[in-house]
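The following blocks contain the structures, represented as structure tokens.
The two complexes that follow have chain A in common; it is paired with chain B in the first and with chain C in the second.
So, the complex of A and B:
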């Protein structure tokens, strides 16, 4: 199984030469993203940094969707939990332990996902799970809106970017570019972990469950346990992304748990490419591009965004990644062979 | 020694009672066939044995252990293998990918994972075993075909390879020759015979293991060629249980399958 399932679908590793083209593009994109502080103003830098965080968050969601075959519409709630944990800790002056704060926030997200998944996954999947997760996220949003010590509807402002203390040196993340590179490092680590999980034995087990749940249990796979594991991992990634987001935005509000945040990874994945590991990342940046290009067209911005999304879903089922690989294969026929 | 024991199995779907207290034991190493007309409850009995659905009353014992309410994945790990009437495989995966998933599941369940924790690709021994199993069912040449692209017969063979990857002690086959041409049916019969033979004699069964087969089947030539004992069902009840010859000469079985002589005469008249 030299080209494992996910790769077969994304088409990334389908062929040596075509995948080399993609690899070159990938490296170029990575270099541009890393060099962003030298290339743009702080406004655009903020946008790219946010997109990177959302890309990681969406990859976590897609791990649940494209690998385990479960659709959660409440991932924003977990993102929000991570963001609030991070915000509260930083405002309480724990900034030198920021890495630890991220770990705690991640664990908090994992724990909540475990509780929800433990109860919900045994009984529900499909549309029921979607509605259940959606309503839990809404419940969280409303609870936050009425919790005074968490700032009620206004949320928690003035979150300072931390100076992280290691034993021998200090890492100052106060400036925009410094924190931006911290986000880059975070994205590399999290995407690496997610890639490793989805392409290894766990990823294969989850896909087996998605392809045929009964056959999976009749090869001895514990369906419930593996789905729960995927749910927890996805929740942990969302909360981790939220924890990194809080000091970047410097404010957290209950809206983080709202519908928009929860549907973002779904839209990114649809636009970027279903069942593809890199799809949500590509989708996130494409979405950012569309948003940025249409930012002055107040009133019709949403119509343009919606129209593009509709077009992609109806015409290009494989999303950007799928269509791109199909296009490459057509332009360079024969290069797909190994 | 009996490997599977059914006692007083009852099963209802809503108000309709499908199984009315079935008692039977399957001996280790035999081919145990379940036959009966359509709607007799064969598949339901099968599902109760494999854990797809649970009995409303009665107990299922596997290897002396009560497994009546044990879910399929635990029964599979304990040594129950199962194939479906219409072959169920992981369609988008390659043939070898299908078998690798099954081998990895077995190794993980037995805590015998030979891959380091950080490894992404399946271990060399897993791949080797997968290829060996595909060779066993004559699919090695199609190892890298997506399962979707395989023919009906090949999919059945692939499903068998997936099931054997779990190293079952008992192989449960629901109509292994359903929807096949006469030639393919004979092939399946031969394959089942080979599976039961130990490796030393050119078979596929690991040395020192005795594989038991339980199957439902409509094709009498397959049944009479393979089965050591036959259980005949009609309308959710066991009407006969015995060797091939006993079943052949059982008047009640003849009645179920052929109708009574009077009825036949009436039809002819």
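So, the complex of A and C:
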């Protein structure tokens, strides 16, 4: 997003640079999100919390797509794995070890992603990878639907929100707002990690591979290994988001592994802005707004969602973030990054 | 055992009917059409409106299915004109997502016209009973679907591989630019094949309508099975799709026979295995 070089060039002379405008917006949005429990009722709070979790999940997907250039259509399966691990553990009464449960769920997601990626990434890419991952998620959904001890089609209900005990103090997450703030903290930590990975050496290497696979391998980048790493990281983020989601929704069902969940990050990323770190986050909240505004219009909702998506693909390929930056650059010419 | 086999074969042929159109549009435009399942469903809904609770005879069912196919084909022309033709030459992921958007809009349209409640249509008289083959009761509607699948495959295979029009279509798919240079109207040819692909989706919806529970989720189930079929068989390869449909039938039969508590799971395992063994499909990828 903000390139520090451009800032150094224009930031000193101009009163207000583009990245500063975006920064102000960013802080304002963060403050509003953090203050949500004071502003809204519990229904809307639930919606915003879910959107935050899905935003983190989508950023993980986008790391794979926009950085490594691989489109997975089965990330819902990994989200589902995380959610089920967390659900089973919490129902078994391990709530004081909730943080450990999240770590275990994340590792489970990473392990599954490693197995899938290790076999699949060498053999397939593009459309084949899309269908393969879609089928694997569907396989998981069907297996869960017929597994008795995981609740079959009805899933696992009545997941208790945990009370986490640290060495010195205890964190009670039973109430809605308390767990909501826990989600906020989770989002900050995960987005921070993803930001660091995207903009660090790994992110650079992946982008090199995406731009030109032959040159990248020529300068000594192990293409397969880096892609596999991206696949595993993306899977771990999805499972981690799932693990946080389970106690928030208090129920997990096999539908978490369905096509809707797997395509969600794709829609968020596209609407928000491709090849942009914050795109999926913006897209997630935009979609939440559209969904909420059209929630009573059965059928019309899909038409509007589909129409917006088509519009983005045909006209505004940069999504909201891309269009916004282009708009700013137009209103204030010569004030920021190109 | 025979009963299981007939049941699986019915499933296989039903999936082939849906996959045929899907593989056709991939062959000509290199598009994996997410909207195919939705248009399949549209065909089923249109037919159900025309025949009400029960079609009068087998021929009325086939006739209305053809009419539904034509209507869906016209929709396909509109989609081709307004969406697909605009996306030529961009990243394949955008194509996938564009067809996904078309799917959302179609499903939304179906929901707002026909509502959310479930419909069901009975098979026409003559197909509503069963016949006795070697002492096994076989529903005659299953036989109808198996025959329909076979007939559609033979017609498609003849048209694509033997007829003049089919050869032109193959030429357009292989090298659009050179074919244009030879005085063939490439864009028109593409339009016709795309319309035929959508029409096949509508036709399949009409033919498979009886004994289905008609709900807005119908498209997804068939779409995924059809995806698996064409991926196993080789994208864009109509013969491959037919072979893959038979393989799916066998796998599903084995699944029901040996693992009845997990219906429909082994198909995915088989698909993953096939894809890893033959990354381009059993009969290879083909441009029509």
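By our rule, the second predicted complex is superposed on the first by the 320 of 338 C-alpha atoms of A that agree within 3 Å, B and C clash if a C-alpha of one lies under 4 Å from a C-alpha of the other, contacts with A are read in each partner's own complex, and residues count from 1 in each chain.
By our rule, a residue touches a chain if its C-beta (ideal position, glycine included) is under 8 Å from a C-beta of that chain, and two chains touch if they have at least 3 such contacts.
This is a predicted model, so every value here is computed, not measured.
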Problem set entry | Which superposed partner A:314 touches (first chain B, second chain C, both, neither) | second
For this session: Pick one for A:281: touches chain B only (first), chain C only (second), both, or neither.
Result: neither
For this session: Check the residue A:208 against both partner chains and state whether it touches chain B (first), chain C (second), both, or neither.
Result: first
Exercise. Where does A:221 make contact in the superposed view: on chain B (first), on chain C (second), on both, or on neither?
Worked result: first
Problem set entry | First (chain B), second (chain C), both or neither touched by A:200 | first
For this session: Pick one for A:302: touches chain B only (first), chain C only (second), both, or neither.
Result: second
Exercise. Residues on chain A in contact with chain B in one complex and with chain C in the other?
Worked result: none
Exercise. Hey, which residues of chain A end up touching chain C in the complex?
Worked result: 65, 71, 119-120, 123-124, 126-128, 130-132, 134-136, 138-139, 142-143, 146, 259, 263, 266-267, 270, 298-307, 309-310, 313-314, 317
For this session: Please name which positions on chain B make contact with chain A in the complex.
Result: 50, 52, 71-73, 76-77, 81-82, 84, 88-94, 96-97, 100-102, 104-106, 108-109, 113, 115, 118-122, 127, 162-163, 165-166
Seminar exercise, completed: Listed in rising order, chain A residues that touch chain B in their complex are 1, 4-5, 8-9, 196, 199-201, 204-205, 207-208, 211-212, 214-223
Seminar exercise, completed: In their shared complex, chain A is touched by residues of chain C numbered 32, 83, 86-87, 92-94, 96-98, 100-113, 115-116, 220, 224, 227-228, 231, 235, 261-265, 268-269, 271-272, 275-276, 279
